[in-house]
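Chain IDs A, B, C and D follow the sequence of writing; residue 1 opens each chain.
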Amino acid sequence: MIIQDQMTVIAQSRIAENIFEMQLAGKLVGDITSPGQFVHIRTADSFEPLLRRPISIASVDKEAGQMTIIYRAEGRGTTILSEKRDGDVVDVLGPLGNGFPLEETESGETAILIGGGIGVPPLYELSKQLTAKGVKCIHVLGFQSSDVVFYEDEFKALGDTHIVTVDGSQGTKGFVTTVLAELGDNFSTYYSCGPMPMLDAVQRLYVGKKGFLSFEQRMGCGIGACFACVCQTTEGTTKPYVKVCSDGPVFPAGMVAI
Amino acid sequence: MIIQDQMTVIAQSRIAENIFEMQLAGKLVGDITSPGQFVHIRTADSFEPLLRRPISIASVDKEAGQMTIIYRAEGRGTTILSEKRDGDVVDVLGPLGNGFPLEETESGETAILIGGGIGVPPLYELSKQLTAKGVKCIHVLGFQSSDVVFYEDEFKALGDTHIVTVDGSQGTKGFVTTVLAELGDNFSTYYSCGPMPMLDAVQRLYVGKKGFLSFEQRMGCGIGACFACVCQTTEGTTKPYVKVCSDGPVFPAGMVAI
Amino acid sequence: MNRLAVELPGLQLKNPIMPASGCFGFGKEYGNLYDLSVLGAIMIKATTLEMRLGNPTPRVAETASGMLNAIGLQNPGLQGVLEEELPWLKQFDVPIIANVAGTETEDYVEVAKAVSAAPNVKALELNISCPNVKCGGITFGTDPEIAKELTKAVKAVSQVPVYVKLSPNVTDITAIAKAVEAGGADGITMINTLVGMRLDQKTGRPIIANGTGGLSGPAVKPVAIRMVYEVSKVVNIPIIGMGGISETADVIDFLSAGASAVAVGTANFVNPFICPTIIEELPAKLDELGIKHISELIGRSHRL
Amino acid sequence: MNRLAVELPGLQLKNPIMPASGCFGFGKEYGNLYDLSVLGAIMIKATTLEMRLGNPTPRVAETASGMLNAIGLQNPGLQGVLEEELPWLKQFDVPIIANVAGTETEDYVEVAKAVSAAPNVKALELNISCPNVKCGGITFGTDPEIAKELTKAVKAVSQVPVYVKLSPNVTDITAIAKAVEAGGADGITMINTLVGMRLDQKTGRPIIANGTGGLSGPAVKPVAIRMVYEVSKVVNIPIIGMGGISETADVIDFLSAGASAVAVGTANFVNPFICPTIIEELPAKLDELGIKHISELIGRSHRL
């Protein structure tokens, strides 16, 4: 169920250049059903900034009733969020959307998780859950440069992890596809989240493979009512369009017209 | 000189129902020249609320580089101000306007200081300075009810202090004029700050006496440029109008058309 | 006595609070969050004759205390609304106001005729003010004569009272209001969005794919209040006011300005529970103002 | 090369930043805070033939990300401006744009003639858009034909280029813009304020004594950007853009939309040092955008 929760900031820290990790506690955590879901955050009790900000859930600790989000403080809303202190209360709407399907990869099979920049966070919870289920996860994580790389160790603890940077300051120089091309297609499923050009490139590389992509769109309501976040679908799909917020953000590869 | 200072909150406390006392430190304090001047405060680093809030300087400690303001948290801006914590930085423009003239009362003479509600604060610094100069100060302070009375002890330490409340829950029941009528006019100067109807009543009571009144108007710039805070003057005054922010807020009794 | 009940042509409102068209879809999503029967009414998303896919994305952009949108009237079309959306809404005890949009008089008339026959549609809202579609929409809303003729044509076929939704993007909104009143409108809803634009800092190009979008939210409230005030002085039909309503205090303002009921748009995105919250808070607000029945507030700004 | 210099009819601007009329008085108060010679130009408060005392107070009210004002063109009148204000401003190396207001064509013409002869007045800004005075002002700004005739009449007597200040409270601002261009305007300044209203919560009455006021500040920026964008597509004279500019990024937006220079109004009240701050920050902003000269930004939104 979607609830509007007044969550408490348990911890916040800067984990890379302009990248923040925030832990939040509240009953909303109990309703999270799958990795890749997101929350819609009101960053200030003011009319400016007005709209909520969609941020993926990066990891969940149901027992502690806590979740972690990782975000880049860039514009007004996320900058304000980055100034919250422990004990502050944040208005969070969620959990929203449909996450990555775990059931599409069987125990013993291999999955490739491909993330770009601030698309990396939801893959962490995904990898935790896939690994727990017995899936072998390979992570290919692309960033602009070494300053903004985060969670390398966390992903390494779960499986092979390849860091790629555009400027070559860490890991392989280039794009995620540079590494993917070398890894070959000896895997059963791929899961990806990142900027549109990256999703497009990944999808083209893996034509015919089973994959799931998480999309971004500017949002109004976040729950499917305002038609702000609509994407056209490709021919042959039953629906003429999908809403990223409520039908997605994760869709099977090939479904959304990029 | 008027400066825009990023002042630090040294302390803040609630001293009556919705009434807050805030101590601020910064170099602006060095420029304060007379009691009754005010500052123009930006309460949030946001466009909403947009405008600065004019608040009187209630007391000054030049050696410590600190000043105190006392305000009622009522609307959006003052409520945000009341949520500031020690160490927070507040954008303050000031000191603004012309305060109460100390030189109009000689050492040994008596002055009556008449305040109403949130008009009381600037009278405190005024009383401190008049008393220091050897003027005998009598304070008549009107409030709505006992919940919102503040600084009774502080004023008592400086001179006779009469508290008046509309509902009679503390001190004399009625309006400041109730007490003033009893005190008679055996004094040389009166100084007053409070709501317009109070200033009007005081002025009428003391026709012919030397007095100074501090006015309020909604403000834009606070420095005399926008013509928001203009008051018409009475006949016989050389200027056809005055600006509360830069010509005032204190004017000789009889000058401003009420 | 229900202190919040308001009666308008075709509409017995339990309370004067309803979600604004386009900000509530056809109710399903908010219906997952709370019982829609608490609402005074629901203004559903614009319905056009054929299904529309709307404009390319991005369709929204944030501005200071406001937002721009250029959804482009995406909706399932008349048949979809009649067969799926309206029947689903029947489970709630709430009158539906159907927002009707089109490109020419003919399609407005056809949609109005069909949708006004649906049992739970208690009034139409004629959208002559959508700034986000190429033809139709706003052009009907900027010329008094054209607005009047369209109102007449729709009145002739509608089985329920017709409210006309006015555009704020005009020199003199009172002229349009008087024209639609003369055309037979039973009420006015106002305001639709102000046309605005936001540019991308890096490229300098508009953020919204459509170029311009409609500005809504708290930023426009002063304009909306002024227009409701002006229009309520010159017409004798009721007004449903909207534009930036975000909290209970805003409702008081719109009623004081001359509206008989209000709609809440953008604020639903900020706080999905805003409509029920306002409805809950209203009685205490009336107490605070020393007012027995909400209707005493209507047009208070004009009296003195 | 001065990366910020912009040349407009009558105006050699060191940089494209100037305070907007009515938000800077005649410069004295801000002159106490910083050296006015750093400014690109100064738009002084509206000057009318006779001294005006303006409207009753309250004259301002805050709104979400904006403010309403109804000052009512209070000013010392033509003689006062010629004898005191303009001579005082001569000490600064900064061109003055004199904002001219009136009630009828005759007084506009008389003020324009006299004030344009002052040595430091390099251009006039014809205020046909003030919403806060009973007659004149805005009526000249809402009818293209009247606007054109007034422009012609003022052009005939002015010794310096004439910029016409447009009102946003119109159905089609491009029609007014084309009309004043046809009337001989050398440039356009836009936008003046949107007419709005705020009510007192307790009484329900308007807060501003005048009833309505002009809305300015960040709230109106999307409307201003849209209008500058539209007008710059249809006229061949330069635009000085304004409406909600509060930070350096906003300047980039207005130039991208099609303005050649900008004016800063309300933001002076929020941060009295905003003009010099923006001027200081601009070069770094140009670097960030990879741009050599500020003029490269002008009209960027129209190019693909």
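To be clear about the criterion, a contact is a pair of C-beta atoms (placed from the backbone, for glycine too) under 8 Å apart; a residue touches a chain by one contact, two chains touch by 3 or more.
Since the model is a prediction, treat every value here as computed from it, not as a measurement.
*Asks:* Could you figure out which pair among A-D, B-C or A-C mirrors the B-D interface, over half of its contact pairs being identical by residue number?
*Replies:* A-C
*Asks:* If you average the Cα atoms of chain C and of chain D to get two centres, how far apart are those centres in Å?
*Replies:* The mean C-alpha positions of chain C and chain D differ by 34 Å.
*Asks:* For chain A and chain D, let me know how many angstrom lie between their CA-based centres, rounded off.
*Replies:* Inter-chain centre distance comes to 46 Å.
*Asks:* Determine the centre-to-centre distance between chain A and chain B, using the mean Cα coordinates as centres, and give it in whole Å.
*Replies:* 54
*Asks:* If I count partner chains per residue in chain C, which residues reach a count of at least 2?
*Replies:* Touching at least two other chains: 63-66, 217-219.
*Asks:* Quick one: which residues in chain A touch 2 or more of the other chains?
*Replies:* As it turns out, chain A has residues touching two or more other chains at 47-48.
*Asks:* Between the chains shown, work out who touches whom and classify the graph as line, ring, star, complete or other.
*Replies:* complete
*Asks:* In the complex of these two chains, what residues of chain B are touching chain D?
*Replies:* Residues of chain B touching chain D: 1-2, 4, 42, 47-52, 91, 93, 217-232, 240-241, 246.
*Asks:* In the complex of these two chains, what residues of chain A are touching chain B?
*Replies:* 44, 46-48
*Asks:* Which chain D residues qualify as touching chain B in the complex?
*Replies:* Contact set of chain D toward chain B: 22-25, 28-30, 32-33, 45, 51, 53-54, 57-67, 69, 71, 74, 217-219, 246, 266, 268-273.
*Asks:* Note which residues of chain D are touching chain C in the complex, please.
*Replies:* Answer in residue numbers: 63-66, 68, 142, 169-171, 194-199, 201-206, 212-213, 215, 217-223, 225-226, 229, 244, 249, 252-253, 256-257, 289, 297, 300-301, 304.
*Asks:* Give the list of chain D residues in touch with chain A in this complex.
*Replies:* Counting only chain D, the residues touching chain A are 64-65, 218.
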